[in-house]
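Letters are used for the chains, namely A, B, C and D, taken in the order the chains are written, and counting of residues starts over at 1 for each.
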């Protein structure tokens, strides 16, 4: 890849990116699957890993199974569906609680519940699959 | 003087209190829940006592557990911070009974000011303006109409039992009164089974301005000027400043005078805040008592910066029985200070609270910028407690320079691993209405959505270049005190990308 | 307004200037020697230009190289900081000729105030007190005796050509005059081949107190009160504070008035400092002009803290041709501020300068504590430049609370890898004479050795325990953004040593 | 080794050392041969490695050769002696410059110069042997 930028690592996670006319400080952190950057008050998520995964997933498959995951560490307050149930788009399937707020997890489309991977009262981690729909 | 103080709180305010104690030579005892075992406030205190599981109800909100910790550690005083038990009269009373100094007002003052009706009544007898309103004994249409006449237009007729906007009707013109009463009563009966109506003057485009007061046990009461807190999202303050751009000197004098009167009437002691709503501008402005906060406020640094005093130190001095360190005549308001609260939340996705590890967290170091925070790089933002992780307080000679400093600080404050409201704070501070000082409490609920939508920008090429450089597997781990330092060069030129 | 400014300096002052520019929206250009390629000031500026090898004479002191950098980068202004070329009239003149705004006074003012004799003469004509002294044309014994009478006792008779104490005699009583003249003349001839004698009043136990002045190009001159700088080691300031504990309100008024007069007489522009010696205390105190510093001082933050203004910002505003941002009537002195300078030197071993890598460097975060520094953990303290690596400025309501804050900050400021004067600073701040405000410029040269000897204490057992724990090979490297974070827990309980 | 202290690592190089009655924060950094600690405004050098080296050196040897080393990174300004020269205790043998100050390196005892390991103008690192005396 050719780029007009000269990049210097000036401290842990800190990069100076320069051209002849410009110099910017960019902060980068996180593993490839969860990469973040900061510049001048803006935050960016690096989506290349996700894009690669999406490209991989784009190959034809016999059935599309979709996992719903927790967006952050949270406690499972309520599991509203059981495997085999059919749900409509927008139906709340699980309620999480995090930071004193309830977070409903909704079905992104009409679907059938394939599996439930969490229990009420359980503390779940980000990106942990909670439920699978097909 | 207090000798050993238990800090019944966590996060940035616990650190703030511990630091004030250190300067006064007071030993500190931290308390922590299981989730906070490794939190910065635990490391900062002279000693620390575990008080239970992560859930606040079983730890930071448990009166018996906190009192046990105070007894076990031999603390002779307790500072509640803000939130949690800070305004709980039963907690203050329990401290008083246990012989532990509660750094705050007496429990009966907490009880009285905690009741909205009690506080309103007290203010009225003290001659402090309250929003005109009444629940007529006689609920006939005629009497309700007369009540509307008394409170003045525009007015709101609403269910006395209610809340949440149900059974509420706005009356702008006299002709609308009859219909409004009928409609409100119908909805009130339907929603609450009680048709009793309350009539209140509508405060239009209100600003939220509060006055810091301080009283000692020797009859001295002073004010420390005002804080403007109109930038709110759903009643949650986000940006606070002092002086308020909305106050004329005459209005400031009236409001601070009313606040001192209010504190005197309440028999107040220690630091407190009288919140007011302001309607109108300039010489037409009117102010109304909203409520009293019987504790140190989150936004107290704004006052510290413009007055040059240390409010937490003064709290400890006054709680020890000593007189206030300053007479009113020694207190001045100089320059301008603005505070922005950093929340772990995602403004682009419905302000969803964020939790996780701080992969990178670097506080800016700028002259005139103070950061009160409770987190460190590598630490976790937990799901259990308030999502406010830091406060940035900028001080300058003028409102413009303080704002410029705050903007510079936020642009230089990388927080990675969780989303925060920093990008939104910047959009607010750069907004023409904010810069003109033309903000009422409805500003953010009105404009916030548009601001939040505009937050995501295209990833600029220099950011992509830095991400690509960070991908390179070549670079070595950063220095630590345990590795060979000679091999490590933090400034190593990675490569020239021009090639 | 200035659009792009070249910072002709390094270290903390370069960072300080860059930050002020950022707030004003001025682009910054750093310069760096080969030794400073990776220095923090280079990273902080918008762009950076290399100006030569490590030796200052070939980089930071090279007028042509710095002007080349200014031209190449298109800078329309240049801030010299302090030290290096800041008070060099030829440098200011070169900037003026190149059409680059020099942020400081005009070159001819630098030239005049840089000459001790010229400055002294100017002050005398302006009516500012100078230490009485003269070199009589007629060098006869009688005329010299009359000169001693005129300057007053105690006096010093010394070689006019000399220095270093040679050919110098102290005269306390009139009877000693004749012998002193003979002895001084003999030594002067022997040492310098010139027997001309200079007679000067001896200032006993002098305090060093200076007044900050500021002048714009529109005829406005203000003062920003005083700084007390009597804690010095070999004329090197170590601790500075404001207000001075030695000044009565009357003396402050006289001295600040004299300083403004002096600045006016000099045709001064921008920020400057008039240094005075004070003799005696209370109402008997007298003050004498010592010299004028025609630049921003190292200790300027002390003044910023007590007056609430930003001196660097004002420098940039005034250099842009705008009027001073404050009339005298708007300037107030509130609270107390103390600054301690941290030097990379070893007080226990003859103050030997230290250089090396900062294995661990953590700045304390305390309310009311400001740190202006130019180093980072993992960075190198170089052998090439000034050994001052940071300034800690504590502000409080009173001298006692500011001192307590400064002590708390220094106790919480670990710097490992090189020795610093932090332990000595603590001993000075805790000294009864310092705490009583009873310090003259001879204090540290008198008591310093004893203080420095007492610095080494036995390693306490808890420090041994931490060293032993750190030996354990078991612990993992700290988190970085490049390693798996989940595996790392920075707060891991290592082990229980009670076993 | 038994100790009454509980030691917790609370951050990189930062330790909390506790007993029932006391809690102290201690900072530690550096490799074993150059170990530093900070507590409450005091700085400590860990001398155990040096002591072990001294114990090792105490074994009888046929000739005692002493290296003089640079105390910090410095530039060699002047080398005043050549191999074979005899020097008296206190004689300046090398002059270094560091931080704008001259640092004379003096002979610790009457001795003969065995070897000179530096040249004028050279930048030397701490603990680098400059000269050997016997």
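Basically, a residue touches a chain if its C-beta (ideal position, glycine included) is under 8 Å from a C-beta of that chain, and two chains touch if they have at least 3 such contacts.
Predicted, not measured: the structure shown is a model, and the values here were computed from it.
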Query raised in the report: Can you list every chain in contact with both chain A and chain B?
Result: C
Report task. By the contact definition above, name the pair with the higher C-beta contact count: C-D or A-C. Result -> C-D
Query raised in the report: What chain is the most remote from chain C, judged by the mean position of CA atoms in each chain?
Result: A
Query raised in the report: Which whole number of Å gives the spacing of the CA centres of chain C and chain D?
Result: 31
Query - Whole-Å gap separating chain B and chain D, where each centre is the average of the chain's CA atoms - result: 53
Requested in this report: Determine the centre-to-centre distance between chain B and chain C, using the mean Cα coordinates as centres, and give it in whole Å.
Outcome: 40
Report summary line: Within chain A, the set of residues that touch 2 or more other chains is 10-13, 28-30
**Report entry** Residue list for chain C, restricted to those that touch at least two other chains
**Finding:** 38, 359-360, 378, 416, 470, 475, 478, 480-482, 485, 490-491
Report task. Write out the stretch or stretches of chain C touching chain A in their complex. Result -> 38, 43, 45-48, 376, 378, 480-482, 484-485
Requested in this report: Please give the residue numbers of chain B that touch chain A in the complex, ascending.
Outcome: 344, 352-356, 359-360, 362, 382-387, 410-411, 413-417, 419-420, 422-423, 426, 457, 459-463, 465-471, 475, 478, 490-499
Query - Complex interface listing, chain A residues touching chain B - result: 1-13, 15, 17, 22, 24, 26-30, 32, 34-44, 46, 48, 71-75, 97-101, 103, 126
Query raised in the report: Once bound in the complex, which stretches of chain A touch chain C?
Result: 10-14, 16, 18, 23, 25, 28-31
Query - chain C to chain B touching residues, read off their complex - result: 16, 19-20, 22-25, 37-38, 301, 304, 308-310, 313, 325-326, 332, 334-335, 357, 359-360, 363, 365-368, 370-373, 378-379, 395-397, 401, 404-405, 408, 416, 470, 475, 477-483, 485, 488-491
